[in-house]
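Presented sequentially are two complexes of subunit A, the first with subunit B as partner and the second with subunit C.
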Partner chain A sequence: MGLAIRLGIRNLARHRWRSLLTLAGIAAAVGLMIWTLAFVDGWLALMVRAATGMETGQLQIHTPEYVDQPRVFHTFTPDEELWAAVRGAPGVEAAAPRVRLFGLIGNDRTSQVGRILGVDPGLEGEATRVVDGLSEGRWLAAEPAPVPGPREVVLGQGLATQLRVGTGDELVVFLEAADGSLGNDLLEVVGILSTGNAAVDRGTAYLHIDDARFIAALDGEVHEIVLRTADPEAAPTVASGLDGGVPDGLAVRPWQELLPGLNQILTVSSNSYLFMYLILYLVAAVGILNTQRMSAQERRREFGVLMAVGMAPRRLWGVLVVETLVLGFGGALVGGVIGTGIAWRHATAGLDLAAFTDQGGFTYMGVMFEGRILAEMSVQAVVQPMVVMLVVALLSGLWPAWVASRLDPAPTIAGRT
Partner chain B sequence: MLAGCRSREDSRTTSRGGVVLLALALLPAVAGSPSRGAAQELPDLDDVLDHLDDLYRSTSSHAVMTMTVVRDRGERSLSLESWSQGTEEALIVIRAPAREAGTATLRTDDGLWNYAPRADRMIRIPSGLMSESWMGSHFTNDDLLRETSYREDYGASLDRVEEEGVPYLRVTLTPHPEAPVVYTRLDFFLTEEWIPVRWDYIDGDEVVRQIFFDRVERVADRELPLRLVIRPTDAPEERTEIFYELPELEVDLDRSMFTRQGLRRVVRD
Partner chain C sequence: MLLRLAWRNLWRQRARTLILISAITFSYTLLLVAMGLGDDSHQQMLDAGIEGAGGSVLIHHEGYWETLAGDLVIQDGLEVVRQASEVEGVAVANPRIRTPSLAGTSAGARALELIAIDPALEARLADPHEHLTEGERLDETELRNPVLLGVGLIEALEIEVGDRVVLTASRPDGELTRGLFRVAGFLDSGLGQIDEGVAFTTLDAARGMLESPEIVTQVGIVLVGGALEGEVAEALRRVLRVSEPLEVLTWREALPEMVGYIETDDAFLYIYVAVMFVVVAFSIANTFLVAVTERIREFGLLNALGLRSGRLGALVLAETAVLTVVSLAVGLALGLLAHTVISSYGIPVATWGVSEMELAGLDISDMVIRSKIQPMKWAVATVAVMVTTVGSAIFAAVRAARLLPAEAMRFYE
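Take a look at the complex of A and B:
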């Protein structure tokens, strides 16, 4: 084997430029593939984070009626037992109660229909990363502001802009309460959110859950419980594990069900890897095939002599396959280093989206892409393209080697074929 | 000019459309219409349209009423008090139940506001929310604030129809393409005395909601149906009913009540 590798390197070195160009092609394919994987992983991770991490969470619990039609009166009252069951479930890291309302928010100049989330400030911070999205001011205080002071509200950036308010400004909220009456109250903006989640940033107001309950005439009830799991991918498993544990036939749904569009995009995107592999590696494979076939053709006499002096066809075949593998391995190594280098740079410094859009950002599937996107490095993203390239190199080397190993020595040496 | 004394000619020349205050706005005024009672001969279409436009043009009014909203989850009753002045100014205040008492809607020529008593603040209702429910009822904000004129924004026709043996005058209104109307057709059924009986709001080929008028009483110089029932046809078990207990017309009002300060005074009475 050692001899075969040495032979392979020597043979490749005989046509240095041709070998180097083929190697460069392989390296480009591998490097590009590594970068693509890292970038798409980063992009998808950002989508999952922005979509689930900020607001949706990985799992949500509702009444079946609320799932059917989200109305203010479709509530449930979680007891200690339910909280214990939910928090104790394997895979669940945090759980938070929520009151979910729709109402008119504004002042005497303008108003907007907004989504009002009544949250427990501490628990919400554990279950989602919404607090990280604060761009101005502060998060809700742990205890509601004393009556009759204005109630604290944290607004999405877009909503704040449309209402032309900032921290310290007052707002009025009007909404239909659970008993059909009209709740109204005075709010004071204490913080502004810029989370990257379009639904949050454009149309959501966060209130302390006790304040939201007061306005909506609710008494200890919630519309949903939001859960964070250790692994977003495992959410469906956690959901089915929880299903038996929650009473009253409450509906436990993972984010894959809550955000079917996002889930679909993830599936499609992970399948799009295959197309990238197909395109990039097909080109590389044709290059390898071409090089090796040509080189074998040139060395027909040499092979004929080798076989005439007793080299077994199988051995010759092995030498040629190893030669291709050496070429593929070299290319994969170079491509791996370069691709990892570029991907690493984009994983740390990020890729400026301004290069692609003149608006400086865009919204896709409810996720706002702005500023820089960070690629995400993983062992798989680096190793997989290299290993797959070795397999492709092996496959592209088989045919030239097979043809060469079936030479008939006598006419080949005589130059009669 | 003394509040509340705008003449009929005056209002015809200065206003088109204008306030539809839930209160007397929807209270049809039926006094003094000419050419009534000639059963066989159709009245003049323009007269009827003017009359219908005038239904929404009270010179000034004050009313106390009960609004009952029936939804699939239950029934809720509100006591309301309302005032209107001219075609642009109107105020409705919820007096009971206690939880909502003081909640008010103010309409001036600048726009429409809700007053939140707990916050002691006004909140503007943007024009995009005109088709939204008013105070959780089946009335919309737009019902309070009609900006169209039957005469100018609709093509109209008048005929006689019979339903279950009862003859009606029927006014069919088709909005002009540029008119800001969400319905494709309105059918108003009136008695021979031009008293409204039923209004059908039609979208496409479907009646999407209906307003029924009944309990006609004589108020001042006119015959007024004191009860309105609005029913969305897609939820037949639901309805909003308004019953006028104490309607007054042509009353003297302090026009300052249609301002923020005046509203607070009225609300806190």
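Take a look at the complex of A and C:
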């Protein structure tokens, strides 16, 4: 083996230009693959974070009737036992109650249709990262504002723009209450949210849960409980674990069920890199194959002599395969360094979408992609493309090596082939 | 002569040439197919976006599009429609009233957007009646104040065709107002946004409820075939004269998020294609480098026979050019074949496991991607590929040109 590697390296060095060009091709493919994996990981993580982390949470609990038909009166009243069961379940890190309402929010100029979330300010902050999304003002106070003062509301950025209000402005909410009456009340904007979750930013208003209950004529009831799990991927397992511990046949659903569209896109996107492998590496493999074939053909007399002086065909085959492997390894290494370098830069400084579109960004699957997208580095993203390339190089070296090892020494040396 | 020589030289190394041709062909075909699929899906998204927005060019009261505020209406709406209709390139100037509202019945209330339309004009862009599953068209029903609702509201509001629905909305002056409407029919579009979030009614009914006889929220322009939205928008900005401030937006300006997505998507495709061709180019450069070294005696002989060194370099380039042209011809044929097949069968996105997408606030469901050729784009791509592949042999060509005949002939294998 030592001899084979020495021979291989010497042969490659003898044709410096050729080896460098092949190596550069391999490096370009590996580098792009590493960057792709890191970027796709970052992209998907951003989607999951923005979609589940800000508002949906990883799990939600509703009554089956609410799942079927989200109506204001399909509520339940969680007791201490339920809270204990939910919070004690393995994998659950936080749980928060919510009242979920729809209504018109507006002032004397205009009004907009909005989604009103009544939340416990402290618990909501534990179960989701919505508080991180505050771009202006402050989050809801722990206790509701004293009556008869206006009730506090935190608005999504888009809703605030549409209503042309900022912190300190007053609004009126108008909605269908659980008893069938029309509830309405005066609100004061205390904060504005820019979370990156389009549903929150465009059309959601957060109220203190007690205020929301008062307006909607609810008494200690909730529409949903939102849960945070340590690992978003584990949400379905946590859900099935919880199913038994939750009374009255309440429905526990992981985000994969709550946001089926997002889940589909994630599955498809996380497999899309396979296409990239297929295409880029196929092109790279053709390059390696062609180079090695030519190089073997060129040296067939040399091989003939080697065989004539006693080198076994198997051994010669080994030398040639090792040569390809060395080439593949070198290319993978160079590509690895370059790809990791670029990916690392985009993982720390981010990749500015403005480079691709003068619109600055877009929303996709309810997630706003704006400004800088951070790639996510992982050992897998770096190592996998390099290892796969080695396999590809090995495979594309097999044929030229096999052809060379089947030379008939005598006519080859004589140049009669 | 150069080309004949090049052609003959290429086929002397059949396997090598075929490998190179297949690499270039594969990459080029892939590029064409990817562009075809991308451009078609982008076009579908844009069409959906333009339909959702309301036209290729939109006229609103200044500030409406950003806020969608019910009070930002064009008071002198009918006059704007009249003036816009006379602008060159405008096929239809379609007035709409759009306002957020709350639809209520004895069973419950639902927040939705009330869109008042002229059914005949609306059909020129996208007829909501296409989705009518039950009941009658707005322009055929006998009901007073008819409204079309999405099927998603049937259960929520417990309604049937002919039932009464009360719509609550703000008047342009900010006062809340209520109107009694009757359900003329139900729409089933498959899109949550329409099936659960929109009510269509007639302009007269909406004006009656809002007590404002001439208002229009939006004038959606459908263009005459071939007219450019930018030019029409410019003309409209020049021509429209009313006493209130207006905004005239092209779909590019009205759908920045969708345009952003499409541009980003395209940019990524180009990055991948560029790297792919870099890999291919290295492989071509390599092959010709070997070919030159291998044929050093042949070149020396040609040189000694009087073929000047510049011509030798040109011969190498001619070989690449022939190789490229053959590859691109095959690639183009394959690309067109793929285009035809994909166009006639279509690729339902659902087969990849994606049934619904949200893009720029717009639901797109059950998309079937076909292929679309944009001749300019294909031409530019083809030229770029040609330059890359022929360019990658320059190094080898220079080497061939620099050979000294005596030394080259002395070379022994």
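In the analysis below, the second predicted complex is superposed on the first by the 417 of 417 C-alpha atoms of A that agree within 3 Å, B and C clash if a C-alpha of one lies under 4 Å from a C-alpha of the other, contacts with A are read in each partner's own complex, and residues count from 1 in each chain.
Throughout what follows, a residue touches a chain if its C-beta (ideal position, glycine included) is under 8 Å from a C-beta of that chain, and two chains touch if they have at least 3 such contacts.
Note that this is a predicted model, so its numbers are computed, not measured.
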Room on subunit A for both subunit B and subunit C (clash or fit): clash
Which of subunit B and subunit C A:Thr291 touches, first, second, both or neither: second
First (subunit B), second (subunit C), both or neither touched by A:Gly261: second
More subunit A residues in contact - subunit B or subunit C: C
Partner chain(s) touched by A:Ala28 [first = subunit B, second = subunit C, both, neither]: second
Touched partner set for A:Tyr364, first subunit B, second subunit C, both or neither: second
First, second, both or neither for A:Glu170, with subunit B first and subunit C second: first
Touched partner set for A:Leu186, first subunit B, second subunit C, both or neither: first
Which of subunit B and subunit C A:Leu280 touches, first, second, both or neither: second
Segment of subunit B intruding into subunit C (one of 25-33, 43-51, 79-87 or 133-141): 133-141
Set of subunit A residues, in rising order, touched by both subunit B and subunit C: 104, 106-113, 174, 176, 182
Residues of subunit B defined as touching subunit A within the complex: 69, 71, 73-74, 76, 94, 97, 99-100, 103, 113-114, 116-126, 129, 132, 135-136, 260
Residue ranges of subunit A in contact with subunit B within the complex: 73, 104, 106-113, 150, 170, 172-174, 176, 179-182, 184-187, 217
Subunit A - residues contacting subunit C, complex: 17-18, 21-22, 24-25, 28-29, 32, 69, 71-72, 102-104, 106-114, 161-164, 174-176, 182, 198, 202, 261, 264-265, 267-268, 276, 279-280, 282-284, 286-287, 289-291, 293-295, 298, 301, 353, 355-366, 369
Contacting residues of subunit C [partner subunit A, same complex]: 15-16, 19-20, 22-23, 26-27, 30, 66-72, 100-102, 104, 108-113, 155-156, 168-170, 174, 176, 256-261, 263-264, 266-268, 271-272, 275-276, 278-280, 282-283, 285-287, 289-290, 293-294, 352-361, 413
